[in-house]
Structure formats: C-alpha cells, structure tokens
Amino acid sequence: MLNVGLLGAGRIAGVHATAISTNAGSRLAAVSDINAEAAAKLATQYGTTARSTDDILADSSINAVLIATSTDTHSDLIERATAAGKAVLCEKPVDLSLARAQACAKAVAKTGRPVMIGFNRRFDPNFAALKSSLDKGEIGKAELLSITSFDPAPPPVAYIKVSGGLFRDMMIHDFDMANFIMGAAPVSVSAVGSSIVDAAIGAAGDVDTAVVTLTYADGRIAVIKNSRRAVYGYDQRVELLGSEGLLQAQNMLENTVVKSTTAGVTGAKPTYFFLERYMPAYAAEWAAFVTAVTTNSALPVTLADGVAALAMAEAATLSAKSGAPVKLATVTA
Amino acid sequence: MLNVGLLGAGRIAGVHATAISTNAGSRLAAVSDINAEAAAKLATQYGTTARSTDDILADSSINAVLIATSTDTHSDLIERATAAGKAVLCEKPVDLSLARAQACAKAVAKTGRPVMIGFNRRFDPNFAALKSSLDKGEIGKAELLSITSFDPAPPPVAYIKVSGGLFRDMMIHDFDMANFIMGAAPVSVSAVGSSIVDAAIGAAGDVDTAVVTLTYADGRIAVIKNSRRAVYGYDQRVELLGSEGLLQAQNMLENTVVKSTTAGVTGAKPTYFFLERYMPAYAAEWAAFVTAVTTNSALPVTLADGVAALAMAEAATLSAKSGAPVKLATVTA
Amino acid sequence: MLNVGLLGAGRIAGVHATAISTNAGSRLAAVSDINAEAAAKLATQYGTTARSTDDILADSSINAVLIATSTDTHSDLIERATAAGKAVLCEKPVDLSLARAQACAKAVAKTGRPVMIGFNRRFDPNFAALKSSLDKGEIGKAELLSITSFDPAPPPVAYIKVSGGLFRDMMIHDFDMANFIMGAAPVSVSAVGSSIVDAAIGAAGDVDTAVVTLTYADGRIAVIKNSRRAVYGYDQRVELLGSEGLLQAQNMLENTVVKSTTAGVTGAKPTYFFLERYMPAYAAEWAAFVTAVTTNSALPVTLADGVAALAMAEAATLSAKSGAPVKLATVTA
Amino acid sequence: MLNVGLLGAGRIAGVHATAISTNAGSRLAAVSDINAEAAAKLATQYGTTARSTDDILADSSINAVLIATSTDTHSDLIERATAAGKAVLCEKPVDLSLARAQACAKAVAKTGRPVMIGFNRRFDPNFAALKSSLDKGEIGKAELLSITSFDPAPPPVAYIKVSGGLFRDMMIHDFDMANFIMGAAPVSVSAVGSSIVDAAIGAAGDVDTAVVTLTYADGRIAVIKNSRRAVYGYDQRVELLGSEGLLQAQNMLENTVVKSTTAGVTGAKPTYFFLERYMPAYAAEWAAFVTAVTTNSALPVTLADGVAALAMAEAATLSAKSGAPVKLATVTA
C-alpha cells in the first residue's frame, strides 16, 4: 500500500485525488497547497489532512508524492522529493527550461528514486489500443504518423505569456505521443506556426496554429497538427500508416445518438475537453505508477521521457522562429 | 447478343434502356408504349425504333423483352411474350392478384421460356455482399432478420387506391428480400399497420406504417418495418443476427463529407430515392439476366419468386385486417 | 444527506455501493446479506458496517434502502421498508408475479413512501439523450419504435428455469424502455419466440430469441427484438422514426481504434455486458433518486412503472404461447 | 453540340470516351493513337472512327479535343490544338518542365482558345461538397488544411524513373486540391520525403512517402501527406479546420456492409483505385467542360491552374532535396 502525499490542490489535483483514493493499492495520506483553503477543502472531501509540503516530504511514512503544482515548481519538488526518498509522479512538463530539466534528471539519477512524468495520454484506452495493435504487428512496420490535437478554445493571453509557448505548453503532449508510438526520437524537427485564431496570441509572441514535421533516422516521418481552437470540442486523434495497414484512434463522443432529418445526419460532438476525454487515462496512469513502484518494475513513462519531449519543444520553437528545420542533436547536445 | 424489345417507355424504362445499351451482351432493338410520343422519344435517345408491342412480339429476331409497363398488364404480357418464345424480364409485381399470378406461372411453365421478376434489390451491392457473407458462413447460421424499408414521402392517395395496398405495392420488395436472405418461405405471417403518416391513406383503406413478423419452420424469425415517410431520405437497411455474428447493410449516403461545429457532427443524408440508391442494382440485374439467358443457366430470380412474394403480401394484408397471424399455407393452397 | 442501508452484497450491490459512496448527497450507512461473509467484505471495502436487514429497517437514522437482493424477496422488502418509513430504490423486477406486484403497490400506497424501480437504462446517457431529443420535438411526433436488446451469451439453463422466462427476465427492461420513450402503455402485445440459440432453453420451457410488436391507441407501433446470444457483445440499441426524422442510440464501443488492412476496416466491439455498458447509468440513476427523495419531488421511475412492465411481460408470455395478440387490458384487469 | 476528337486510346481515354458519349451536349467524332490497333478498337466500341491526330486537328467540324496521351506530348498538342482553333481538355500534368508549361500557357494565350486541365478530383462529389460547404461559410474562415492521398501500391520502378518524381507525378493532384480549397497560392513550400516503402524507388532517385507543408500569406497552413502504398486501398481524404468548425471528406467504401463478430466490427475497404473512386468525377469534369465551352463561360480549371500546381511540385522537389523551405516566388519568377 502506497501512502501518498498530494502536492497541489487545484482542479487536476482533484482528479488525481480520486485516482489515488479509488486505487486499491494506494491511500491519500496528505495534501498540501500554497492556498491553505484549497488544501483544506480537498483534504476534507477525501478524508485526509492538509499539511505543509515540508511536513509531507519529511514524513517517512509517506512513500510517494504526486506533484500537481504549477510548472515552475516541478523541478525543485522532484529533486526534493527524490532526495527525501519518495517515488514521484509529476505532472508535465518537467520544466519550461530544457537545461533545468536536464539538471533535474541528473540530480534524480543520484537518488535512484523512480520518477514518472504525467503524460496521461499514453494511458488513454484508444491510444493505448493503437500502440498495442502496432506492437502486435497488425499493420506491419510504422511509416507515417499523424497526430491531430486541437483544444476547444484558446486560454487567456495572460496564460499564454507564461506558458512557454504552444510547443512547450500544448504540443509537448504530442511530442511524447510521437515518442510513445515511434519508440525513437526524431532526427530533425521542422515547425511552422501562425496566430490565425487570435491576433493577441501573436502579439504575445506565440502561435495558436502549428504544424511540425519530424523525420527519423530510418526514413519514418511524423506530422503533428495543433490548433488552440476547434469550436466543436477537444479533437484528439492519432493515425499511423504502416507497411500492412492503417490505424486510427478517433475521438470519443458525448453520446452515441444519431439524428437524421431533412438537415442531414447528426451525431454528438467529441467530449469537450481533457477532463472529460482523459478521465479514464488518469486512473490508468496512476494504476500503472502504483504497480511499477510497488513491484519495483520499470516505469512506463520516465523523467527521461519528459526531458526528451521538452527538447523537441525547444527544437520546434527554434524552427518556427528561424523557418528552417532543426536537428534535435543540436538542441540536446 | 440478345436483341431486346423494351415494353414501356416511362421513367423506369429509361433506366432499363441504359442498362440494355451499355451491356456488351445486349442491344436495344425496339421500344413500345401506349404513349407513342414517349416511345418515340426514348427510341431516339437510344438510337433504336419505336414499334407496337404486337410487332415486337411477332419479330423473331427479338430474343428477349423487358416488361416495364403498368402492373395490370404484367401477367398478360408475360404470357404473350413467352408464348412468342421470348425470354422475359418483368418488373415487379407479377400481378396484384395472387390467383392471376399463379395462373400466369402455369401458362409460362408450358412454354419453357425463362421469366425473371425484377426484384432489383437482390442486386444492390450492399445486400448482395451481405448475402454473400452469410453464404460463406461468416456469421454462422441465420437466426433473426430485420428489414427496414422506408420511403422518403408517401405517393398520392390516388396512387394508393390502385396500388393493391402497402403490403403488395411496397413491402413486396421486402418479402422477396426475406426470401433471398433466408432461402425459405416463412410458415406464418403476422402484420400490424396503421395510417399514422397520413389519415387520407387510412381513409383510402390502406396503411402507411406497418410491421410484419415472419416465423420459419426451423425457429428463425424475421421482422419487416415499412413506413411511407422518412423525411431524411430513402431508408433501406438489412440486419441479420447469426449464431456467430451480425451483418448490417446500411444506407448509401449522398457524399462522405462530415461537418463538425458547435451544433454537432453532421454527415450527408441517404441517397434520396430508389433511382439514386438502386441505379447500380438495375445494371447488375440486367447483366445477370443476360448471362443466364445467353448461357442457358438458372435465373437468379424466377417467376416463382414473384408469386411467393405476392402470397406473403396477401397473407400480410389478411393478418393486418384480422389482427391474427396467418399461416402462409392457407393463402397459397 | 441520505443515510442508506444497502440490502444485498452481490455483484450489482457493489456497483450500487460505489454510486452511494461517491454521491455527495448520500452515505452508505450499512450493508446486509444472507451471506454474512459477502456483507462483511463489502462493508469493509466501503468503510461501513454489516448488519442484519431487521436492524437496518429498525434504525430510524437510516432514511433509505437500496434493495439489491434476489427477485423473490423484492415485494416483501419493499413493503417492509416502506412500512418502516424508508424511501426505496429496488432493483427490477418488482416480482415475477403480476398479482403480487400489484398487491405490493397497494401496500406501498398506504405508506405514502417513495419507491423507485431500478430501470437503469432510462439513465444511460445515450437513451436519455434520445428521449430528450424527442421531447424537444427534434423529430416531430413518434411513429415507429424499434428496440434491439441482445445479451452476449445465454445464462445457465438452471437460471433460465427460475428466471420467469425471457419476457419477464430480459425483455422487461425493453418494455420499460418502450414505456419511457412512448410515454404510454400499448393496447396490444403480440409475441413470437423460439429456442434457436440453445435447444436446452426450449426444453426448459423458455425461448431465447423473441420479437414483440406493440400497438398503441393512437396508431403508433413498437417492435422489440431480443436474443440471448450476440457473440460480438452486448447489443443495446434504440431507434425511433418520427414525423420529422429518425433517432438512433447506438452501441458504445470498447475503444475508438479503427484498423484498415487488406482484410477490411475493423473497429472495436461493443462493450461486453451490462456492467461495462451501464456503469454511468447506475450512477445517474442513484443521483436521480437522491435528488427526488431529498427535494420531495417526483421520482423519475415509479413502482407503477415496474408493475406496468411486468404486465407487458405477462401479456407477451401469453401471446407467445397462444400465437395470438393479447390485449394488455385483459392482463391488467 | 460539341464534336470531340479524342487524342489517345489508352485506359483513361476509355473513361473519357464514355463521358463524351453519354453527355447530351457532346459527340465522340474521332479517336487517334500512336497504337493504331488501340485506336481502332476504341473507335469501334463507341461507334466512331479512328483517324490521325493531324487529320483530327485539321478537321474544322471538330470543335474540341480531349488530350489523353502520354505526358511528354501534352504541351505540344495543347499548342497545336489551340492554334487549330479547338477547345481543349488536357489530362494533367501540362508538362514535367515548368518552363515548358509556362511557354505553353503563353502560346495558348495568343490563340484565345479555352484550355482546361484534367484535375478531376475537383469534381469528386465529396471534395466538391466540402468546397461548397466552405464557400457557404459553414465553418467560418479556413485555417488549417490536411490532404491525405495514398495510392494502393507503388508503380513499377521503370515508371518511377520517367514520372518526374512523386511531387510532379502524384502530389500534383494534391497541390491543385490545396489551390482549389484555399483559393490562393502558398508563399512557401517545405517538403520531406523518404523511400521507406521500396528501396528501389530511392535508388531511382525518388521518394515514396512524403509530407509537404504549405504556408499562406494570411497565416493559413496546409499539410499534404503522400504514400505510394496503402495496402487497404486508395486513401483520398481532405480535412479542413475553420474558425467555426471542421470539414472532412472521407473515403468511399466498396459497400456499406458491417460485420460484427468476436473478431471485431468490420466494414468494407475504400474503393481500390482512381477509376473506381473517381468515375463520377470524370463524368462531372467533362460536363463542366462542355457547359463552359458551349456557353462561353469561365472554365472551372484553367491552364494557369496546371502551371501553378507544377510550380508547387517544382518547389517541393527542391525543398525535399535541400532540406529547407522554398519560397514559391523563387520558382515561378
């Protein structure tokens, strides 16, 4: 039984609290947050106590922490928690700075503690089934990967300004998805982007629509498409052409009702946003973490995976600015 | 090469003229119609001549006739054409009177000439593929058949009055489809119907919405649903549950475009009516007739099939009136 | 806050325990079962205590009971619980005997306590969305309803023998669905059935494949199809033709992955059985019960609904045996 | 009535011969081919005569020619036919050399004769419906276009060697589709390609898998994906994200039958190749040409469109070799 300290008490922390509580192998032992009221409320709802982060890290009865705080605290908390002997599941990204994330990985390596990064989409039943089908050889060898990832609506410009930019904030999930499916890092990253959805996003120095092409040493190619706005809902699809077929993971819909009238044949929209779409993925992600930590087996997503995705985001950011492809090696070196 | 006389020059005759002309094994030799103008126009369009029906039947260079005249002339023309030695493809139904159709079948039998009834839906690529899958054993043994057959809009009440009623005029196609799929006649026919679409249809003594349940000697069951009005278009589906799976032949759509907006995910409607939906079926039907006649092999649909479907329509009409199931044997005896 | 006693500790009781525990308006106060071990285990898992049914009913701090025991105990427990002042949610069916269920309804009426019957499918997001669309007038007036309800595999013959037969045990859910959609009881019930899936089911006096046609006073028609075996999974669909369109609630699938190979284009199967398919429905059902009871508002499904569905099952059983339609009034009189 | 000379008697010429013959506004007046036997056979089948190209061009009773010869003859024949006063529909591409195509356009301009290039996909009912929906404003303003275009199997390497390469031979259709949908030429073209399907294609200096990203002056982006091999059939899809929604034109399937078994839910494959998929498009293309020429109205696709697509192919070829984006203006200047 893992005794878990939850660092953070915001919306996503609530999702994790449910996963921790309903998993038979884990127990929510404590919650902390800089907002004491939020921490207290979450603790009450899940029958646990609100404590300080220091307290939680110092408590040797707590085996693991789940870090769901703001991005700028991730690296520090990962280092402190592993130094204190905890197993860690940390929300993505590791950090907005690649150098800081790389330093964090070195520090963690010295502790030998397991750190998993919360790339929850790997645990989505649809993407996991696609990957499983590929691994069974059902479409032969992978050749051409396409990832479509559109948010329903752009975040406030104030958020955009501190987000690290679309490639680090939004597409980072898709970079990890590419790594998950392709099982290798790309050689080169070529990005184009524009602020066609909202000029204010462009004025803030970011893009809201982007396409990234990845090439691999063995000739494979991947394309990632991002938009900050798909008015019909959260559009999350993966498509993979292989030597013996095609795999497509399509959107989940709000319901299965289809209406046929003189106006056409209309079905439900995709589930609206990530909480609706990825709720089962969060539970599966936590279950995988608990299993790996309690059985001392390999984590399904590692801190190195977090660093790798961040390096791709860095390369894409550079490429979109320069207008030329960027070799990933020039970024990670 | 079949030299073909086309009896009738209405809308459906035009469809058949195209099929005859584009088939490499047949040639449109002549057209007749009680409306001389219509016959002349069709003849000109297809590079042939308009003649009288008597002429066509008397012309020994004409091997086959396609009967696309009004229903009340079918039995007579079948008898005359076969007596004149022609091979015949006749539009459904054989006759509105079961007794007359049975007499026609006896007369034809004496001539030994091949007569095929135009149950074109057997040649629809979708229904044909469903039947082929069943015959290959892909869903094991058939158990429960469902046929959905809705017209886009009811015909004029004037037509309803001379149509023979929904079961003889509209559901007859579905009775033949049941016979095609099940490969056997049912034991009993149980019908309910109402005039919920248009009270004037009820006032004319007919129904516009009906459900018929067929039971088979070996325990299989079939259900046929008819409505004279599906505002979204021609709804033509077949679904078959078997011991090892389910087969569904779905509607053909006007195009494959799907639009996702805040209002939902909308695709195209089914093709509007029988000419759009069954155009490929008419060509395939004619090709099958040509092949069978020119190679002296068995016809894929026979006059006996036409009589069988008519008997089921008769039984359904009786059942809907009496409110009790009707044994098919009591009708055909 | 409802304090809830859960009567029964079997598989479906576990589902209800989760719903009670996670609903913010209810609390699992106690569990009872004739199998003391099962009750103790469930109580431990959900942090409550196992007590006797007598104890629970006598405890005035418990406001509501959820009855998830075997069918033969339902009527008695409903009567005892309402006499003790509890609000009740009872699993379907009320009883296998229509007379007993009617007597139960009379007894309950005297107590004035609210009793809801667990027709969980009304709370399925898909069927609920279909009903909502109908109620908004999106397809005009209802005309022809079709319900497809196939189990993945037949139960053991030993179960069949005590089940009350397919119409009472399995199709009862579909009778209630028809009542839910149509908003009225039918006038006549016409049933055919056979034991084509498993001859042993026929030998036990039951059918495994059945079709029931319902007619309504205003001319509407409904068809229900049941099979005990659809090897591809739990097949639960509703389709409604209206004067201005068609609504279809389709199956939920295990995932959204589609694979295209030389063998065709293959997607996932429907979710396997009722726990997978209806898990969200159980939670929504409980939430609706809690809301109605705590706000003293009308229950969305009543004991009268349970009696009505049972009467239709009785009529269908009679019709399948006699081979003739049965007026519902002759059964309920 | 257009009297039409058909130049070429190969497979695609046969498709055009049917379109010319069945269109009420045109008549197949003559056929020519360097293979006299092929020309004679086609002429016989369609009831016309085989003549020399010189003869056809010299015959003043022939108003229009359809050029369906090998690519290397297109520019010359367009120039000769327009000089002879004919209206021209020429199969794509205009030429493999951009300079030659540009010279051809200049020569044609002097004659004032109408020349349409055979980008048949614009007339596909699905892509045409998508474009129509966009033009009606149904998804607001276009933002991000994706074109998927996979052949079922690669051509022989011998063909590859004379094809001009994937970008000129295969993706040229997709460049025109982008121009059709976006209504503007892109500013820059960025291409990656590899020979992952067949190493022999790489050895011949070509690629078999490629991704091209196009950027537009107003911030819009388009992505085109090509593969020479999709074993499940011809994969031809267009997807367009707009400010108010998404449009997707999906594949056409061989039939609508769906089979559900323990192995999953399987539907038919896409139609196999371009003749099956685009047969209706060829007829619609010809009809549009006849209408424009006989009413002296604007052609829906012009020679300039053919040159524009070729320029994009040139830019993509350069970009794939250099590894850097290419400004379209540097190619067309």
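Going by the order they are written in, the chains are A, B, C and D; count residues from 1 in each one.
The rule we apply is simple: a contact is a pair of C-beta atoms (placed from the backbone, for glycine too) under 8 Å apart; a residue touches a chain by one contact, two chains touch by 3 or more.
All values reported here derive from a predicted model rather than from experimental measurement.
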| item | value |
| --- | --- |
| Greatest separation from subunit D - chain, by CA centre | C |
| Result of counting contacting C-beta pairs for A-C and C-D, higher pair | A-C |
| Distance from the mean Cα position of subunit C to that of subunit A, given in whole angstrom | 40 |
| Mean-CA-position distance for subunit D and subunit C (Å) | 57 |
| Residues of subunit A touching at least two other chains | 230-232, 235, 244-246, 260-262, 268 |
| Subunit D to subunit B touching residues, read off their complex | 125-126, 129-130, 133, 138-139, 244-252, 254-262, 268 |
| Parts of subunit D lying in touch with subunit C, wherever the complex brings them together | 230-233, 235, 253, 260-270 |
| Contact set on subunit C toward subunit B in their complex | 143-144, 146, 148, 150, 188, 190, 192, 194-197, 209-211, 213, 215, 218-221, 223, 225, 227, 229-232, 235, 241, 243-246, 323-325 |
